[in-house]
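Below are two complexes that have subunit A in common, paired first with subunit B and then with subunit C.
On to the complex of A and B.
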């Protein structure tokens, strides 16, 4: 598929498409109507979809031509000269509203550990609102604000977060720069974590525990998009902070699969800073390369490396030594004929952990020197035809290991029954940091933007984590 | 009922004041008032006066007691005599109520506060004083300690001291005539000495050398540290963090929280006896505070309930925490002490009920093995306690009461949710979280928290007998037996 001549960033693409696809709405409606008619042959459906796409492409071309014409007529915009108040002033006019974009997504779920039904939970996991603004044809702003777990107050576990807050500026038709708090271009999910974009009620473990989605850093990034489908991101950002590493968790940091995802127990979950008074002592660099030159194929990889803020040593002790965090991953996704195949491998390493670990023998949670995970996923995206609805079944196998090697001291995992909390009588096993997980489920799309999800997960090591999940997600 | 004197500093039993004065220097390292130690060059003028005050017995009514009497430098500023509570008063015959805590590292204690719902900090074992200075002034006017009637009596003695001019130079001439200001100045000077005096926080233990990379722990000590940290074994670090916290750049081995752990009643404390008498002369003690609000069914007339009483914050301390007498969840709670120098500070706990570290650890890891407070469905005799239990009645027999130093109504406040309070074993039943060998290793590690380790001369490291394997087997039971 021919890519647009003017490359756009992910967010911009989303907003631009939102604005430009309006003319294609009719085509989409026709498509939906067609889908609602009695079942046609798959060949007919395919033809209809091709037509729909062709109409949308025509609309994009037309709008692009209009924008290019406007730009040719207008004087070159100067970002530096733009007054800070311009967005507000513009927002009061009809033209200002055109430059403003709003979007959102969210997800709620019910999770039911089948072996420990008392730990079943229902949660409005996240409600996210996005605000974007197009300052000029080259400069745009995007931001997302997230409320986790429905209530964010001092007495609740919920949080209010700024998940993204960045500017993009187009330098050339093929290159742009980004600055602010932005998502790291790692894996398949981190930049595309809306619930309609992934299979399963919860995000996969590899891209939660090894790649700490939703992973964002503050800094700068240069993005280049080639006509051949090759794209490159090169960035300089804040990095990891190991100064607060918890060598002494008294209780297991998680007791079920949901807490495993949410409690920040994984190495990079525990050390990424989210630009919240982030220690900026050490800049980190990243490089991501993706290739999308063949229809339905995305393949790529990324590398992140930077010195972490170190575990503080005693005042009279020699410095701990540089603790470099290196994370790399490779990913591939192939969507063809309704089949959607994905694979991600991610590997992290932390250097110079021996001294700190040796000073904390007996800890159940030393700093690992390596951790990794991978998954293979197959889905049938076209799935069952249920009229206007779409049911996409999937299966995923994944393996994660939060500490595949340690320097200095291995974790001292308490054996047998241990208190899981300070509540008397609350006993259980200390979970292991690695597992093999099978997930079988389906996404049921009410519309392309609204999805109901159902899945069943089994855990090979931490067997009590086995669970049944039901979810609702939406994005607009 | 008689009370044994063997655990009490012997000099304190002598009725002759002269004899007391002669021997005090050897008891607890009290230096007396005659020859105050020279001013340390590193101390501020205020702290330098504080050093004099700390060692000056002339400010007590008895003329025989100073801070240093119960807070001996050679014992990490805890009592040197091994007694569960100190003696004081005008005739040095009045026993106190709590074991004298170590003052080493006390200056790192935060003021009392509730952090994340958990009471934290404050001074005295019950956190009732708002600052080190507020704490330091009170023994001067406590009847069973230095026993001055009031601040005016303290000032009268203070005026005659050779360093009074130094204090006056700092605070002005007003303290000549203002007893309250003078007493406040005393507290501030002593607090300054505790903050500035290097001996109060040398961070010179073998553990410090280990973390600094200038010494290695023996395999046994290292094993002990691992057990200390292991949440399924000792889990000591949960309240005594071996990692540094926000309070200091070094690990302090306390998080300054409060916990109700239900230690056994110590019948060697006079106040615990049905009829409290002086262990020195047998005279009836009339100053034992009685809690008027003890719950129904309490077995004894006197309990030390920590923040719930019997000692309330001083009215003169406006920044002190509120009176917690009616907060049952805090009844019997005491502030977690530092474990630095713990090998030097026997006996242990607020009531000094255990004489050795081994006894302490044995009790910790088997506390609930003979009872069921919701965490032990299969009670059995305690394998580490002679007679099957550490909880003894006044006559030395096994006490039927759980946590017998608490009224029954407050047993629910006892912490039963954390290791080492013996969770059920995997196969059901229950066993101590530490074996006997592991207890030895843990004690070996605790000994490495003793200050005074010189990496260049490790052979000169002076440790108490228990650390070198020469401790008596069951000092706890020996002491209890002597009490009867």
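On to the complex of A and C.
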């Protein structure tokens, strides 16, 4: 809401004067025409009118001069008053917009694998803009649009995505229904994934690989909460699709930690559908329970279960059978006196994988029947208060295993160096699907909504994944 | 913060419409905070200088100049205000004692499916007794509501602003 500058208001005053003068001039012209053929009896009346008009003109000139002087000499006080007047003016002039809300967030980072510096990458990982609309007191709409990796085109890896698109309708003060494409209420990060809300440059591995993030499904959800701090979400949504599972990757699906997160190699990353022409033959259900009754505490858990779209059976082979995906997690977060502790455990299972794994012998990438991970994180949210800035150091230990058990066939990982890409001479080890990761770093809050991040991550198994990251995040 | 600036406009011209998710009326909140006391409405418009001083003390912008204020005979005050939760407004009332310390905070209404946690009584109780000398900062002397960070931060900022408002313009 920028206030018009003085020259513009001066112009406005001129317009006003012109508008006032025009009818007067017209009136004068009409009178003059009438005067051209004067009946002798009306001569005096005409003279009188001309005089009147002249007087009016003088008055208008004076008024114009006064207006111009006023604008030109507008004291600074009226400029200072502008911000006070602005919200009121905006509120009355933008009546339709008060139901609309706009927000956004995004993050850019530099990641530097310390052992393989040639794989350093800088990326505008995501730029997200949200639009909401309040239809009435009970009905609201929320949506988010995301561009990943800065450029989305047929020749780039970037993606343009609708990340959320849903309606909430309040039924009672304690209960509401949600419909559309929405975030799944799993773990600590998925529903609160803005970069200002998590520690570390990249999202943690457990809530990226075991619980996919940003995980959303299309469907319905009933949400209820009580003043005691207990809340429940119960939903029916689209589910996983294993029909396109890649049993025969030509190259390792990822070669460093950043690719591990980005390339969709984890079981549910590879099979969630994001409501993009999603196969909807099997509905999935979920239940999430959270308790936030004590200030600073959040404990909860969630369960998701549903049949996935099966891997097509090989010719002359028996049908694959029902492949049920079950995912559950438990989480806790305790924030007190500046200390911020959190823990998440997540476990996934896929049923009836033996048949299709056996039908693809020697695969380096069979479908796991179980995968899990957990992390423990401690941060000092009130760490260092540098005047208006805040530095929050943190440490996180996590373990992830993308395939803790297999039915039918275990992964046949090629030993030794393998080609990592079609580029000649590009060789390396096929990565292992489990690791123990320590992350040490700090979030530096320029404002509560603008954060600079720094961290160092060590990998116990895939040692070459060890990296140093620098990030910038914001949300508004 | 995640809101268009014009959403703050209702604060300037606050009429407390009866939202579907209205938990307390102004009268009910007054009875809870000041039982048996007659409160007198006292319209108050902040001057520019007062608004700037409040901003300086509280460290947050003053979105409107009109204060929805009721006075108790002993100098205590009851103020109705709004803050943005995640995207939409949360209406709340603050009771403040004559010594400038918070008597009570009550949530009147909100329109979002998020942030309902701020109604939690244990969370709101943290504000009682806070005065101009206290930081009233989330994660410092006010514990966060995990999962409702924005709503709890904005209500905390609102209370901090009203504590400063009382000291600057009401007392």
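We take it that the second predicted complex is superposed on the first by the 381 of 476 C-alpha atoms of A that agree within 3 Å, B and C clash if a C-alpha of one lies under 4 Å from a C-alpha of the other, contacts with A are read in each partner's own complex, and residues count from 1 in each chain.
Following the convention adopted for this analysis, contacts are C-beta pairs under 8 Å (C-beta built on N, C-alpha and C of every residue); 3 or more make two chains touch, one makes a residue touch a chain.
Predicted, not measured: the structure shown is a model, and the values here were computed from it.
Considering only touches as defined above, state whether A:416 meets subunit B (first), subunit C (second), both or neither.
In the superposed model, A:416 contacts subunit B only, not subunit C.
Taking the superposition on A as described, I'd like to know which of subunit B and subunit C A:140 touches: first, second, both or neither.
It touches subunit C, and subunit B stays clear.
In the overlay, answer first, second, both or neither for which of subunit B and subunit C A:244 touches.
The answer is neither, since A:244 touches no partner chain.
Does subunit B (first) or subunit C (second) touch A:102, or do both, or does neither?
So A:102 only meets subunit C here.
Considering only touches as defined above, state whether A:319 meets subunit B (first), subunit C (second), both or neither.
neither
Just checking: does A:387 make contact with subunit B only, subunit C only, both, or neither of them? Give me first, second, both or neither.
neither
Classify the contacts of A:292 with the two partner chains as first (subunit B alone), second (subunit C alone), both, or neither.
The second partner, subunit C, only.
Which chain, subunit B or subunit C, ends up touching more residues of subunit A in the combined arrangement?
C
Of all the subunit A residues, which ones make contact with subunit B and with subunit C?
Dual-contact residues (subunit A): none.
Could you please specify the touching residues of subunit A with respect to subunit B in the complex?
These residues of subunit A touch subunit B: 247-251, 312-318, 355, 359-364, 412-419, 421-427, 430.
Touching residues of subunit A toward subunit C in the complex: what are they?
Result: residues 1, 80-81, 84, 87-88, 90-92, 94, 97-98, 100-103, 130, 132, 134, 136-138, 140, 142, 168, 170, 173, 176, 178, 188, 191-192, 197, 223, 225, 227, 229, 231, 290, 292-298, 333, 335-336, 338, 340, 381-382, 448-449, 475-476 of subunit A touch subunit C.
Given the complex with subunit A, which residues does subunit C contribute to the contact?
So the residues of subunit C touching subunit A come out as 1-13, 17, 19-21, 23, 48, 51, 63-65, 87-88, 111-113, 116-117, 119-123, 126, 139-140, 143-149, 153.
Using the touch definition from the top, list the residues of subunit B that touch subunit A in their complex.
Result: residues 203, 208, 210-213, 222, 225-233, 235, 237-238, 241-244, 249-251, 373-375, 415-419, 423-426 of subunit B touch subunit A.
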